[in-house]
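These are the structures in question, set out in turn.
Each of the next two complexes has subunit A plus one other chain: subunit B in the first, subunit C in the second.
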Partner chain A sequence: MADNAAALLLLADGRLPAGGYAHSGGLEATIRAGRVHDADSLEKFLTGRAVTAGLVAGAFAAAACHASTKGDRVLLQELDPELDARIPSPALRAVSRSLGRQLLRAATAIRPHPRFNELDRTAHQPIVLGVAAAAFDLAPRDAALAVLHEAVAGPAVAAVKLLSLDPFSAHAALARLTPLLDQLASEAAKHADTAPADLPSAGAPLLDIAAEHHATTDMRLFAS
Partner chain B sequence: MPENQEPRTRSLRLGVAGPVGTGKSSVIATLCRNLAGELNIGVITNDIYTDEDARFLRSAGVLPAERIRAVETGACPHTAIRDDVTMNLMAVEDLEQDFAPLDIVLVESGGDNLTATFSPALVDAQIFVLDVAGGGDVARKGGPGIARADLLVINKIDLAEYVDVDVEQMVKDATAAREGAPVLALSRKQQDTVQQLCAWVRWMHSQHVNGSHTPIDPGPMAPHFHADESGEGYFHSHDDDGAAEPAHEHK
Partner chain C sequence: MLAHARLIADNPSGTTGRQSARILRMRSQAPLILRPTRQQPPAALRHWRLNPDHSAGVSLVAGAAGPLGGDHFRLDIEVREGAVLIVRAVAATLVLPGPHGLESRSEINIKVASGGTLVWLPGRQILAERCRHEAHTRIDMDDGARLFTREELVLGRHGESPGAVRQRLRVSYDGVAIYDQELAVGDGMTGWDSSAVTGGRRALGSLLIVDAETEEQTNVIQSLPDGIPDTALMQLDAKTLLISSLAEDSIMLTRQLDAGLAQYARQRQADHVQV
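After this line comes the complex of A and B, so read on.
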């Protein structure tokens, strides 16, 4: 483990004031569609999310961390349209940029660093997280791990508000997922210096559809 | 423009908090209806479910619809005004920029419990709204919002006779809980009380503009009771100015 792991814990902590608590990562719409209804189906949902959207976001965070550490502003800029191209749902793209803007606000406030000037204020969340990780001298794998953690911890905590579910079972699912997250973070980190166009592009069409349905639903608890 | 840079025109950011159903949206609609002719106003709503409050305000026609924006708080209305104000803060700043110069941005909290108050990182001043239908004893119970918001509104006083509440007594209890800070008995059906509300907001805006208003934080420790061996006890709060009471630690 890196000597500066405390900074990683800080960035990955759900208590970081960056607005993540208002989102369920597509879980609310998926529950409404009947595809998640108990602890087992929740765990399958989380696994699916980790290996698709989670891996893609993790790889982009790793690449952004790498580009920022190198000071390669052009490379950093190229990541943005490439991530756009991997998120077919306009609603999800908007969520990713909104969360990115909030994270940029929080990260800039808690750790002012010139690296943040290289970012557009509407940058995607994984890219902002990669740059924030670089600002804390963290490695690309750290950035990927933080993003992967958020990708499953957010929906798992939301599940307790959306289903009649024992909070311990939601966290037990997260506990069983930790080896997978580690493995995915390592895979994502291998792409830290991959050309942006060749970064992973695993898709989760049901998450895209769920996001579009959710955006037009009236009575919702979570913003996404 | 980079984040963290103050917008060119900084409005008075005025929070409206209080329990569910006490009339926060109605207070905001009343303010907009009466003040929109003299002050440039924007509104941010925080809903627990979707954007119902924003829709209510838009349909009330008290402001141009685009000046009313909803922030969704993911079932955590208290978090959005206190622990993690990022979403609301950015919404306020966006509104200030898009409609510059705004005089006042009203931020409506999602209805929550008696302990939810705005962080001074989000608003400059706050109104806490109770209503008579919630019970005449609520004001006496105190709590950070009741005791230390800049203004306490006791709403729907026209209903008092139907719910057996003595408005005068409720105002008296509230004034005592607030150590003399302002309390306003309000009914949107009684124009004199509406004018008092508007006068307070005008006054707060002028205090803000001339720099004489210092934001205060009502929270987080609520006034509370300590029992002692005699079976009696004492009720106190942890105000900085509450020097008369003995200091003690909370374990």
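After this line comes the complex of A and C, so read on.
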């Protein structure tokens, strides 16, 4: 592990005041639809989320980290519409941009860096995270890993509240997922200098549909 | 088996704005067969006012069984300025394993020029057990082009689990990506039948409608059709609508996609009455 792993822990920490705690990553709607009901079905959901939305977000974070490290502003701007094209659900796009805005505010406050000036105020969360990783001299794989961790840890912790699940069993699922996350982070990092059009685009149709249902539901605990 | 088919439609009256279209070039290569046919546009597109007499229509026949493992199909379609082209598969495609366990590939490259309209109906794809298939469709649209496409995927024949399939559809408009989704399902793929991806549904499909004229419409389309499960209408941007649906079987899927499409059609026809 790199010498600056402490910075990676800081960025990946759920206690970073960047709004992540308010989201379940589609889990609340999936539970309401009866598709997740216990620790086993939670783990399957997390796996499906990691290999789709997680991998895509990880690859974009890695690419953003790489572009920012190179100081390639044009490339960084190209990533934005490409990620939009990979998030069909308008509700999920809005969530990704809202989390991006909150992360940008947090990151610029805790680590002022000129790299952040190259970002739009409405940039997607994985792109902001990639730039923040670059601001801490972290590598593209670190950025991907932080995003992948968040992609599963957020819903796992939400499951404890939503299903009154034993916190140990939720974290046991996360523990079993660590080899997969490492593998996906390496795959994402391989794409750090891939042309934006060729970045991974793994879709998760049920997550998109669940997000649209959630956005129109009044009674909900989590924003997404 | 390698097959490369090509199709170009243009508008012989140039860019006068009159609807007219002809097939300029068409080359089939067995088992990918293209045949000119009169094609009725989908009823939901009534507001596009497509006249079958002034549209180029083509039937697509993916000839013998297949694609089979080892096959590599390529189809290039070009719709030139102001032309209307409707391409419809004659039957469902059954993707089968070959005798040597090789992967089959299909590659479809589509270009639609400004003022051109493409209705692309590749039909239902049924993924047989043990097939290994990769399909890549790329649609590049110029500013002012229109597109309607519908894809349906069935995961295995009756009582069968599907082989491994990777399918990607990428659409760009005026040089900017507007939709890029890959679906990796079946044997050996991770997480594909989880509740985040297919949730054990056997059939999934999507409809994509790109029409810059709708940018001026202010009425927002209701995203969830009443009483239709696992289906959403998603406005990707002002001109692009995606209808996505999953179902227990292909009959339910067709019904759900039709219901989503009917909701779109009602809304758009109401817009036209208002205008």
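Everything below uses one rule, namely that the second predicted complex is superposed on the first by the 224 of 224 C-alpha atoms of A that agree within 3 Å, B and C clash if a C-alpha of one lies under 4 Å from a C-alpha of the other, contacts with A are read in each partner's own complex, and residues count from 1 in each chain.
Assume a residue touches a chain if its C-beta (ideal position, glycine included) is under 8 Å from a C-beta of that chain, and two chains touch if they have at least 3 such contacts.
None of the values given here were measured: they were computed from a predicted structure.
Annotation for the three-chain superposition on subunit A: subunit B and subunit C fit side by side. Of the two partner chains placed around the shared chain by superposition, subunit C is the only one that A:48 touches, whereas subunit B remains out of contact. When both complexes are overlaid on chain A, the residue A:171 reaches neither subunit B nor subunit C. In the superposed pair of complexes, A:30 makes contact with subunit C only, with no contact to subunit B.
Counting the residues of subunit A that each partner touches, subunit B and subunit C differ, and the larger count belongs to C.
Shared-chain residue A:200: touches subunit C; no touch with subunit B. Shared-chain residue A:89: touches subunit C; no touch with subunit B. In the superposition on chain A, no contact is made by A:113 with either subunit B or subunit C.
When the two structures are aligned on the shared chain, A:17 is found in touch with subunit B, with no touch to subunit C.
In the superposed model, A:213 lies in contact with subunit C only, and not with subunit B. Seen from the C-alpha centre of subunit A, the directions to the centres of subunit B and subunit C diverge by 120°, a value given as a multiple of 10 for the model superposed on chain A. For the three-chain overlay built from the shared chain A, the minimum Cα spacing from subunit B to subunit C equals 19 Å. Shared contact residues of subunit A, touching subunit B in one structure and subunit C in the other, are absent.
By the touch rule above, subunit A contacts subunit C in their complex via residues 26, 30, 35-36, 41, 44-45, 47-53, 81-82, 84-86, 88-90, 180, 197, 200-209, 212-213, 215-216. Contacts from subunit B toward subunit A in the complex involve residues 1-4, 48-50, 72-76, 79-80, 83-87, 89-90.
The touching residues of subunit C, counted against subunit A in their complex, run 168, 170-171, 176-184, 190-192, 194-199, 201, 204, 206, 223-224, 230-232, 234-236, 242, 244-246.
Those residues of subunit A whose C-beta lies close enough to touch subunit B in the complex are 15, 17-19, 21-24, 101-102, 104-106, 108-109, 117, 121, 158, 161, 217-223.
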